[in-house]
Amino acid sequence: MNTSPKAPLLEVRDLVVNFYTRGGVVQASRGVSFQVDYGQTLGIVGESGSGKSVAVQAVMGLIFNPGRIEGGDIFFKGRSLLDPAGKKRVRQVRGKEIAMIFQDPMTSLNPVFTIGTQITEVLRHHLGMTKEQARKRAMDLLDMVDINAPEKRLKQYPHEMSGGMRQRVMIAMALACEPQLIIADEPTTALDVTIQAQILELLTDLQQRLNVSVILITHDLGVVAQLCHRVAVMYAGRIVEVGDADPVFAAPVHPYTRGLIRATPRLDVVTERMVSIDGVPPDLISPPRGCAFFPRCDRAGKACSRMQALIALGDDRHVSCWCAAKEVTR
Amino acid sequence: MGRFIYRRLIHGLIVILGVTVIVFVVTRMVGDPVQVMLPLESTPEQRAAFEKKLGLDRPIPIQFVEFMGNMARLDFGDSLWQKRPAMEIVFEKLPMTILLTAVGIGFACVLAIPLGIIAALRPGGVVDRVTVFGSLLGLSVPQFWLGLLFIVVFAVQFKILPTSGAGTPSHILLPALTMGLPTLARLVMLVRSSMIDELNRQYVKTSFAKGLPFVRVVGLHALRNAGLPIMTLVGWEVIRSLAGYSVVVETVFAWPGIGLTAIQAIEREDLILIQAIVFTAAVCVVVINIAMDFIYKLIDPRLKLT
Amino acid sequence: QTRQITIALGSEPTTLDPQIREDGGERAVNDNIYDTVLTRTPEGDLIPSLAAQMPELVAPDTWEVTLRPGITFHNGEPMTADAVVYSIQRVIDPDFNSEQISFFSTIKAARATGDLTLHVITDGPDPILPSRLYWLKVVPPVHSKDPGFAENPVGTGPYRFVTWQRGQHIDLVRNDDYWGDAPQIMAVRYRFIEEPGTRLAGLMAGEFDLITNLLPEFTSHVPKSVNVLGLEHPIVILNADSGITKDPQVRQALNLAVNKMALANGLFEGYAQVAQGQLLSPSFFGYNDQVTAYPYDPDRAKKLIEAAGVKGQTIELIGTSGRWLKDRDLVEAVAGYWEQAGLKVNVRIFEFNEYLNRLFDRKTRADAIFVVSSNELLDADKSFSAYYKSGGVGASNTDATLASLIDAARSETDEQKRENLYHQAVKRAYDQAYFVWLLNIEDIYGLSQRLDWPGRVDARLLVQEMTCQ
Amino acid sequence: MTPPRTDTLEQALAENRFEWWDSICELGRELKRDKPGLIGVILITSLVLMAVFAPYIAPHDPAAQDLTARLAPPVWYDKGTWHHMLGTDHLGRDVLSRAIHGARVSLWVGAAVVLCAGGFGVVMGLMAGYLGGRTDAFIMRWIDTQVAFPGLLLALIILAVIGPSLTTVVVVLALNGWMVYGRMTRSAVLSIRQSPYVEAAEVVGCRWPRILFRHILPNLTSPLLTLGILEFARIVLAEAALSFLGLGIQPPATSWGLDVAMGKNYMFMAWWLVTIPGCAIAVTVLAINLVASWLRLISDPQEREKQFARHMAKGMRKNMQAEIDKERQPETS
Amino acid sequence: MTGQTLEGRSELPLVDVRNLSVLFDAGRAGFWGRKRLTVHAVENVSFNIRPGETLGLVGESGSGKSTTGRAILGRVPVSQGHIYFQGKEITHAGKNRVRELSRDMQLVFQDPYASLNPRMKIIDIVAEPLRVHGMVKNTKAVAKEVARLLELVGLPPDAGARYPHAFSGGQRQRVGIARALALKPRFIVADEPVSALDVSIRAQVVNLMQDLQAQFGLSYLFIAHDLAVVRHISHRIAIMYAGNIVELAERHLIYDSPVHPYTRALLSAVPVPDPPVQRARQRITCPGEPPNPLNPPSGCRFQSRCPYVTGTCREKSPDLTRRRPGQMAACWNC
């Protein structure tokens, strides 16, 4: 799959993550593969519960108790994070070379420590800065994410800030060690529209200025459209379509991608009735065999119920759909 | 803030007032202290004289007014039993109970926090199950029985610790252990469950994602957040033992604390001493409660004291 | 070894002023610090102590006491007639409000007649004044005015006070200047343990050398034990004025129905004697050895009950629990025997306060009240005027004859005559069966291996009589 | 996972009529997985049965004294007899029979106190939570004040004054313990009241009794049940402690605490006198606690998941893995 | 029906809200707690809804949308202003009146998970309004009526025998709608009914609501926090900001020619799912955050974030004034 001579920044290969719950084994990630190049922004979209967060948390080594990584491999700068030595590497890498921004800025910050403490502890731990150095740097960082009066802010507690502010603090914290990859898991979902716009603007700006790679997870195709070079669409623990953003949006191949794009309401085009994808996403405890989308798909054929395909369409674009394959080959 | 302090103080006063009124009413309902205090064969004249001396012959309302006045001056009068100021006795015994409580609960805290954390790290693991079962067992064993058991084993069988009384540091070991064990059990359970809660919080994931070392995440970030319920329980335990729950342990080990004195006073129907003890206990409870609120504030910046 | 012993007491003294309180803890300590004017041999005979000889009756209401010369208090104050007079005046002063007043209630005044002689003037003839003087601890006139006296006792006794750590212990050391025989034990520590079990544990753990009130069952488990016939007599007061117990036949039947021997041997494991139909021990003044216990004769009891026509009727028996050794058990056992004799027994165990209300209730006397009488004067007067004499706090009869016998004895100074009167009183009460006399309980002490002590009938813990290896 | 499809609602309802039985079976299955919980339930059941049928089970009258057979040791000692299997006490009463009858008092006091305190507390909590305003303020102040009382001391005094008996013990313990229920009920009512489904009921026009009893109370049952059971354990211990201090159950009634108190004087020669009732208390309380912690577990979904994960991780993982692998087969082919 | 303009219809409005203000007590502040805090949740809001019409109410979190809806339903005390329903004033309706009104006015909730009692079967949930209003006689009638309602919202009839946990979010939302419809109301407040749903099923609920409107002539107050969703269902749209309505207009006017700078910012904040278009879009970001509702600024509430702010804005708060037919806005500068 990996054709470029130079190893990509991050490569996830056939990642399998299962959660052992009372109801059964939740197959949250059923062979997810994607890669992110230096300086690139990858958007991962999909419905709730499709396994987006699980996939990136696996990268960060944040799959805890009921969950287990049970297959596949993750390479960061060409080196595995899952092999026996990987555990140690993960610990060195996370927070320093890979940073993460979570969805809910309300709960992602520790409520009993000041913003200052929470930013400086990263700097002091990873970069061994002194207290004073770390404080200076923290002020710079807050400045970078457009928080004014940083000196005052450092002494505040999370509950004294608004949601937007907190998300900015999270971003500042992520940028602290100048990471090469930032994983943003729905950074704007919990925010108001206008604040969301501000944060997206900030992210775009920072990404371009610092040339970091970003993985952006979202439900909202609009957000991907604004920010991402590449887009991966996830459904039921798998990536069903991946490719450069423009062609995917312009000509979605997988019926799910198409449905998703059509279901997303647009302000610039007047449509009479809203379009939805019928049915509900499958239960990941017992996902249907073959293509998981097949029960909701209007073009499903016999082959769909038997097996899954991953078909390369050129231009680094892949889709997992039999019908699409037929179309393409025709 | 000011409003908070002021309201807490008012509430504290109400509590103390309520307690004293109840105690007053209850102790005046006691059949007749005079009878118990004097020997069996004493004459009615002796009884009458004694009653007069205690002021028990006057109407209840007058007794009450006088009582409240004296209380405000911390003067409860002389203990009937010990024939010296009741407050003097209380001040003599209270430090012993405080000492016992401090050692007992201190020991419980020192053990409970690491135990609880270790159990919380792998909920359902062997360590966890052993800890939980141990705690349940600790909660189930009656203190008085445990105390007797300790005496039999450590003092009588092995003769390594004294059976009872106070004085040397070795005297405090068994009573403190008995006192601390149920507390330890409760604390372990609480530390465990609140640590499990905290470890599932999003900010713990954030902290791990920041690359912070495990010890820092668990021991600092999570523990500090779990601190509030833990503090609450510790406060409760202190309150409980000062509010009379030390009675059992003190009785078993003849520990000369306020609990033992209370039960002796009750047995001897020394109503003056009873009043003084209950009053002091109420004040302790109120003071600790207020102190706890301030400690909460220190731990959790989200709390506004209003 | 250091010859230092530890004694565990059931209760801590509330004061160490020897003249205020009437409590066992205080007495146990002060008996060793202070001397009394008279004392008793371990068998209970009165002998001089601070007095050089037995007091003499110089007038019907005046006793002369002559003291031993050359005795000083621990702080150097001389022990003279003035000190004794002072001590007497102190304890009988109504403002001083001593609880021991009942021991000295007949003393009107005291007067020094010389350096070492004094007169004690009583309120009418008082034959038992010597017994009363046995209770008089002599305090130092100067030091006792010190406000700290109650916490820093000074006496003439074989041991002097060292410290009192409230709630923990009291320490005494040997008084090397003691006027009498030098005690063998160098130092004593008193500890206060309310729980008998804990006390026993301490003895078994080797922490204590002497514990009081050892349960009979444990005599074989402690290193050593000592038992002496004590001062306590459990009895049942029968109401001779009303109810089914009005009939003397019934009262006798109730006596005959109880197997006292079984109680002594079963419940008390032999550490009690059957009371010989009187509220006195053999060592007490007034004991009538002509009177013996009603035998255990259930058949006769049954017949008497039937003859009286009260078979199947209900008798109320009142008792309390936890106040005296095995009080409840005794009540229930007695009730069991009475049931066997053909009565229905309504046992009512009251909490002590309520129990006292019933005991002292002069208007409606219950059929039967269980009580334990304790007589520290070792003289019939005390128990008789409380329980035998009509109108006494615990009396349930209106027997004028009996009352006049007791009154006569009270003011009879001739010992022989007085004893005679008591013998008559004992006999009369016995014939009328005003009580069910149960037992005379023995005091049992637990001793460590190294301690030796024969025990005393008056239950005093005199360390000077103990020896330690 | 999916129940059988039926055509009409009535049919579906009819088919689900016995679902309570299913849920009991489900509970049973849960219990089988949780060994400590199972042990607890079995112990409690047998204790309750023992208490109920005490007169038939106990070999002797617990109050029957036999002064000739005092302090007999249990059967495994040389001097022990089968007649008194666990020996006799200082009055020659049968220890086993007393222990069996003691269960009655302990469980009865526990149940009575929990019912009284729980009933009163829940009513107060419901009132405070639902009526709000002054009622709420008043009740909460009251609770705060009473919580700050040195409860045990007051209880001891009251007991000493009124005179201890079964009833006074129950009353005093209930008076001392209702606040927990009140507080919990109130806070639960407040939080459930805020919940959209209660608002929905209000919008739909339900009157408050209906909301209270149909919407709020059913959602309170499981936390209240757990609390009640935990309190039960506490009360059993408290009664024992009071009896031990001589302020609880009075003879001739029996209670484990009382037996320990009576037996402690004989601790060194007849260890069984304190040990058997002491163990009885410990076992009872332990059993109750085990049940409570199991209940808490099954009523807390998060905890429940964790528990399950452990279970899975132990053995079933391999099977599951095999299944998953099987499923993935066609893809690779 | 959709897309049809209702402008000019002379019908009596079904719901008429005039100068509505809702204030909440929010405790006290200051060292001695002397200062009482008041949340100005809704201030001086006026609008009306005609029969068969949907008014979309859009605004950021905390702008007072839910409070407005709840005020109409009589669930929060109104501080000022008047509310009329079918011409009758219901501003301070008593408890009984509110209960009666609940036959005509219903609420659909945002959170499909929390709004159904987990301990009740679907049939009991849906039948509850019928029962409390005594509209059904026996269990048979209940089953029949519930089956009808379930069918109406597109759920299988046997769904009634199950508990809420057996359903997905979208299905639960349908149950919620069925419950709201049980009493055959004329007006429904839908408080963000689709915000918690996934994009792929959002349309199902919106379409269902539209169909029901057509079928029964319902009126909706449809609350949402972004403009993309309301577009399809609303006839008119009101934009709320910090307790005020800043713009109220026919749907197409809002999207095609917005007047208020906040409306414009809101519009540009919603990204278009088309990369070239979105990248090329002229984006207006308004900096800063909404004012603190405890202590709103005097004058225009939007002043701190408005690019066109002038002195007047800081002094006086603008009223909603008519800008063109079917469009009103509250702004001094546009």
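The first chain written gets the first letter, and so on, giving A, B, C, D and E; residue counts start at 1 in each chain.
Note that in this section contacts are C-beta pairs under 8 Å (C-beta built on N, C-alpha and C of every residue); 3 or more make two chains touch, one makes a residue touch a chain.
All values reported here derive from a predicted model rather than from experimental measurement.
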item: Any chain in contact with chain A as well as chain D; value: B, E
item: Minimum number of chain-to-chain contact steps, chain C to chain E; value: 2
item: Interface with more contacting C-beta pairs, comparing B-D to B-E; value: B-D
item: Centroid-based (C-alpha) most distant chain relative to chain E; value: C
item: Where chain A and chain E are represented by their mean Cα positions, the distance between them in whole Å; value: 32
item: Whole-Å separation of chain centres (CA-atom averages), chain A against chain C; value: 92
item: Separation of mean Cα positions, chain C and chain B [Å, integer]; value: 40
item: Centroid distance [mean C-alpha coordinates] between chain E and chain D, Å; value: 47
item: Numbers and ranges of chain D residues touching at least 2 other chains; value: 264, 267-268, 306-307, 309
item: Multi-chain contact residues (two or more partners), chain A; value: 65
item: Residues of chain E that touch chain D when the two form their complex; value: 73, 75, 99, 102-103, 106-107, 109-111, 114-120, 123, 128-129, 132-133, 140, 143, 146-147, 150, 156-158, 160-162, 176, 179, 182-183
item: List of chain C residues in touch with chain B within their complex; value: 14-15, 20-22, 97, 99, 102, 165-169, 191-195, 197-198, 201-202, 204-207, 352-354, 356-357, 359-360, 382, 386, 392-394
item: Residues on chain B engaged by chain C in the complex (per definition of touch); value: 30-32, 35-36, 38-43, 53, 79, 81-84, 92-93, 96, 148, 151-152, 155-156, 159, 162-167, 251-254, 256, 260, 264, 269
item: Chain A residues within the chain E interface of the complex; value: 47-48, 162, 164-165, 192-198, 200-201, 219-226, 228, 245-246, 249-250, 259-261, 263-268, 271-278, 280-281
item: Residue ranges of chain D in contact with chain B within the complex; value: 36, 141, 144-145, 148-154, 156-158, 160-161, 233, 237, 240-241, 244-245, 257, 260-261, 264, 267-268, 271, 274, 278, 281-286, 289-290, 293, 302-303, 306-307, 309-311
